[in-house]
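Each of the two complexes below includes chain A, the first together with chain B, the second together with chain C.
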Partner chain A sequence: MYHTIRIGGHSLAQGTFLRSLDDGRIEIDAGHARLSGHPVTPLHPSDAGRLRGALRKTLTGAYLRSGILTAVAAIGLTLTGTATLKAQDNVAILNVSYDPTREFYREYNTLFNAWWAAQGNAPVAVQQSHGGAGAQARAVIDGLPATVVTLALSADIDTISERTGLLPADWQTRLPHNSSPYTSTIVFLVREGNPRGIQDWDDLVADGVQVITPNPKTSGGARWNFLAAWAYAGRNGLDPAQFVGTLYRNVPVLDTGARGSTTTFTQRGVGDVLLAWENEAFLALASLGEDKFDIVVPSVSILAESPVALVDGNITSDAQRAAAEAYLQHLYSPEAQALATRHYYRAWDTSQAAAEDIARFPELELVTIADFGGWPVVQTEYFGEGGIFDQIYEE
Partner chain B sequence: MSDIALTRPVPVTTEPPLARYLLIGLAAVFVALFLFAPLVTVFVEALRQGWVGVIDALRLPDAQAAIRMTLTIAAIAVPLNATFGIAAAWAITKFDFRGKAFLITLIDLPFSVSPVVAGLMLVLLFGANSTLGGWLIANDMPIVFAFPGILLATLFVTFPFVAREIIPVMIEQGRTEEEAALTLGASGWRTFFTVTLPNIRWALLYGVLLCNARAMGEFGAVAVVSGKIRGETATMPTMVEMFYNEYLSVAAFTLAAVLAMLALLTLLLKSLLEWRHAELLAATRRH
Partner chain C sequence: MRAGILRSPSPLPGFGLSFGIMMTVLSIVVLLPIGALLGRGLMIGPADLWDMVNSRRIWSALTLSFRAALIASLFNLVFGLLLAWVLVRYRFWGRRFVDAAVDLPFALPTAVAGIALTALYAPNGVFGQALAPFGLQVAYTEVGIWVALVFIGLPFVVRTVQPVIEELEPDLEEVSATLGARRTHTLRRVILPTLTPALLTGFALALARSVGEYGSVIFIAGNIPNLTEIAPLLIVIRLEEYNYDAAAAIGIAMLVVSFAMLLAINAIQVWSRRRIGNV
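For the complex of A and B:
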């Protein structure tokens, strides 16, 4: 598929599409050279967004000239503008995701768009929204028009399904591996040299150890943290409720999302140990310096499946459905799986992943959510209103 | 006798020099520590990778979209609230009616309601789970998690600024001048433009500037209704948080610095106008 791009002020070049760059430019193969520039036919046909942007600009100018009345009219224009433009057939996907996936999806969106265009399709504008998984699910229930959700645990997507009917109850059977293209687990991040000598879960309940973990009510990662601690207590003949209760008494701050907790621990310097997604812990090391923190792998942890799903009820056109379905399915492709591995996720297909990326993952005993009876049971029993977490935290 | 003559007379209307310097010094240290230092930190962090980092950050499409969003919101919210503020102040000070005290309290409501609650109210009112919100979304006019929601949230939190600044000035000035104009045959609009507006213009300007600063800086209410869609519904303050959470601290602080610059510019504009119209200002104040 040929694309025309603008190079500099006036010259144009044509060639086959190679890849999209982050800033809206694309790279093409012009035969003699690889060139990059802004596409003349827009690669991201989010015309609604573009036109609204233009409208905003004119608005600002117009307001200065003719004052308040224009501004009032402008609101009407923006409203109707949004409405009419949405009706047009522009293929945009809104991926509502959770905190630690920001870096992965930024790269995956480029990978997907290049592959999608190579299949001869019109390019897709992928918009991202990130936050605590529970809070993001809540936003989708309240009307955030997610095309696909890629959240921290299936319970979050179950809640959306139950409350809104936007997707069927059996959504998790629609894609392989329980609709989880990548998984992770829960590990400990400690300060350099591990000054508190933390080796396993039982070190977290010692007096004076400060543990950083988000709130299980709003964060998916926090629920995995909770269950992993519970599993450890069960395996070691301890009373799980008492053990986890003691652990949470050592938590000075409960952030709403995993990324908030990571920031609290790494940048604000609060706490001795962070209970983190394995990928989040690796990312903190890579972003903030390997000499500042160490990863400690406990004896038992949990296999954390992070599922993805199409939000059928929010689909507005067949073209969008096709693109969104391909977007999710392509997550299982060897290239995307290799990308996930590079971003510190435990992926299923490592055939194209780099050996050193795979070697980073230590072997450890992983319990699964099935050992707890599955998310529907766990969600009400442990994290529901008046559930085990509420009882423990009130003490 | 001579001892007394040698002692420097201390005027009874001022503090002893030591106390004076101590107080001034204390104020200076306080300002430096709590106002100046944080502001400087923002700029230092932004320039951590030199000007190249700043320019790269400002070239990010997400950053540009956020700046555009914030400026648009302010350009719409500020004139609307200025109009409302003048209308409300006019009604309250020039007329007597039942429920006047109640109206004044109502205007202050956004000051006392937490911004998060303000955002959640909008979500409950216009979200997919309410009848109104459901209908709007079905008709492709989403309010929350879209531009109108952010505008409404900003309008709500900046609601009282202009009215609150004008009302005391108008109360102090009373109605006599307007009444004189009306008895001389001026129309309502003429009275407003030639008598009232010149009297309140400085209070109005101050209110507008405060309103503008808050409209651009609002985080809490906007964060609740924005849906955090990058490049679409992110304003500058929410984008600052997103960049910071993504370990892009240069980008975060660059955007924060732009926000701070906009605030400083607002203040500069105010001082400049005050300075140029110092005489007019003094005249207004003598009234």
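For the complex of A and C:
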């Protein structure tokens, strides 16, 4: 007997009944994990029941907790409630991702669907949502019904897990390589011929050099930039806080997302050097002409893992779960890994990748987030309110 | 008296029904969201609210937002009056086109406006290149914020002043001239006093709109803390940190200042009405 429960305010999960808890909640077996929450309806949830539940929650003031935002979220919930119900006939999954993956996932969705159909399955409608990773994570927390999230940092997905319980805390162990099917690193994009002679991180703190990077508060990519600069200073006997502070004083425009910074540097002609994801830098070269920009690889950078995860609490049917799990696992297949390599990501399995795609990636020393103590530590210490980044601008 | 609150104050029928609908809609659309914001503020408490707002970065952002809105709205006050005057008083080829174009800032998504203005004023843009030899940079400075706010605020002044100019009798100006007044005198003593209430309304609307503007400004401002970071962006940043309390605190601070400013403008309006009579 299947039961439907409500988890974390915004989402439902289905599974077989295990036991009743003292506080009125029940525990169910949702296939891969045990989840607990308040039962929505005794048996099958009907359209009306689900909408009524959403409406009742809105009216009883349970939503007043987060004030104005939840009013918006509640409306979103009511709308998405109807949307997912309609979609149950043919399976649909919503992939909530960050900015630079647009091109990759557009092609991957086609690749996956072809493979999925070849396995004898009905085609899956994959919807994409892109934006700054932090904003995307917040949208999921506020009720965007993501089936899978493919974000810029594990911290973003950690926050979703912590705040909503939509996925278990150990989500990162569920797929190989820390759930990161592809990785990237941070490199410099400079104007053709490198007129300022920028070779390494210490050239960025020179007087008059203009550095373009997004705001680490709003952009996941910017946090990797920040940490890579920090790592360089640490390894070269410089005071990291001072070094990074000087670097940010050379930043004339602090965009809210990685794509915004790329536009500012490439289209608006502002700045001498752009701190960019390696894949964004290659993409800029490919789409805007190799004769306009050069890539400079610094002596040390950071291994930027961009993890993916299934959002268990938002799964509405077994068919959807199967499709979504396959969607993520297939990212590790040789074809998908070759595709990621072609889209300038550093993938793990290069067996089917073209030789010229592999040859693009130079060897360089990469520090990892573990060297900083992991995202939970880094997030509060470096980028939290009043943290190291805030102190740069408080002086 | 108390029983009389809902009794029809006028012999016109339908007061109860229309008042009820009006209050319901107003509550859902306006009062509820603002009430939720203030309610959150009450839960936080005034002392904590003050602590969250009282930092150099937030003060810079708030001053910047209100200063830029004030400058842009003052510019719109003058330029919008001129535009409305030309549109009403002169007949020229393409007048209808200009008239329609005034509403474009209402219709255009603000992000589109911001990106278009940035492309024009960036160092490699058409205007940016023309201004560069004079050492002027518009995009990614505070001036860029002014430009964006002028763009979005202009229709408010034009559209509130235009109908009043249409109602203005040219006879009055002619009488003033035959009585020996110079043109500037007529403008100052006859035309402007009649237009003042409408001008103030337009100014207040443009100001209110500019203070909270986010979409177009973030593209053209450099978003550098303490320099070109507007208060609405700080709210978004606080939300990114899941710090809903601090976001609400900045929101409440903006609400309070805006309310005080609108109240002051209303007071001036009442005073000017009293001085020149109701027009």
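Note that the second predicted complex is superposed on the first by the 308 of 395 C-alpha atoms of A that agree within 3 Å, B and C clash if a C-alpha of one lies under 4 Å from a C-alpha of the other, contacts with A are read in each partner's own complex, and residues count from 1 in each chain.
Here, contacts are C-beta pairs under 8 Å (C-beta built on N, C-alpha and C of every residue); 3 or more make two chains touch, one makes a residue touch a chain.
What you see is a predicted model, and the numbers here were worked out from it, not measured in a lab.
Using the contact criterion defined above for the overlaid structures, shared-chain residue A:G131 touches chain B, although it does not reach chain C. For chain A, the partner with contacts to more residues, out of chain B and chain C, is B.
By the touch criterion defined above, A:A323 reaches neither chain B nor chain C. By the document's definition of touching, of the two partners only chain C reaches A:D255; chain B does not. When both complexes are overlaid on chain A, the residue A:L144 reaches chain B alone and has no touch with chain C. When both complexes are overlaid on chain A, the residue A:S287 reaches chain B alone and has no touch with chain C. Of the two partner chains placed around the shared chain by superposition, chain B is the only one that A:D23 touches, whereas chain C remains out of contact.
In the superposition on chain A, A:V205 makes contact with neither chain B nor chain C.
Shared-chain residue A:T218: touches chain C; no touch with chain B. Contacts of A:D99 after superposition on the shared chain: chain B is touched, whereas chain C is not. Counting contacts by the rule stated earlier, residues 67-68, 71, 141, 163, 260 of chain A appear in both its interface with chain B and its interface with chain C. Of all the residues in chain A, the ones that touch chain C in their complex are 64, 66-69, 71, 134-135, 138, 141, 159, 163, 215, 217-218, 251-256, 260, 267-270, 384-385, 390, 393-394. Only residues 22-24, 49, 52-53, 56-57, 59-60, 63, 67-68, 71-72, 74-75, 78-79, 82-83, 86-87, 94, 99, 102-103, 127-131, 139, 141-145, 163-164, 259-260, 263, 287-288 of chain A touch chain B when the two sit together in their complex. On chain C, the positions that touch chain A within their shared complex are 32-33, 36-37, 39-40, 55-57, 118-119, 122-125, 139-140, 218-219, 222-226, 229, 233, 236-244, 246, 248. Residue ranges on chain B touching chain A, taken from their complex, read 59-61, 65, 68-69, 71-72, 75-76, 79-80, 82-83, 123, 126-129, 133, 137, 139-142, 144-148, 151, 227-232, 242, 244-247.
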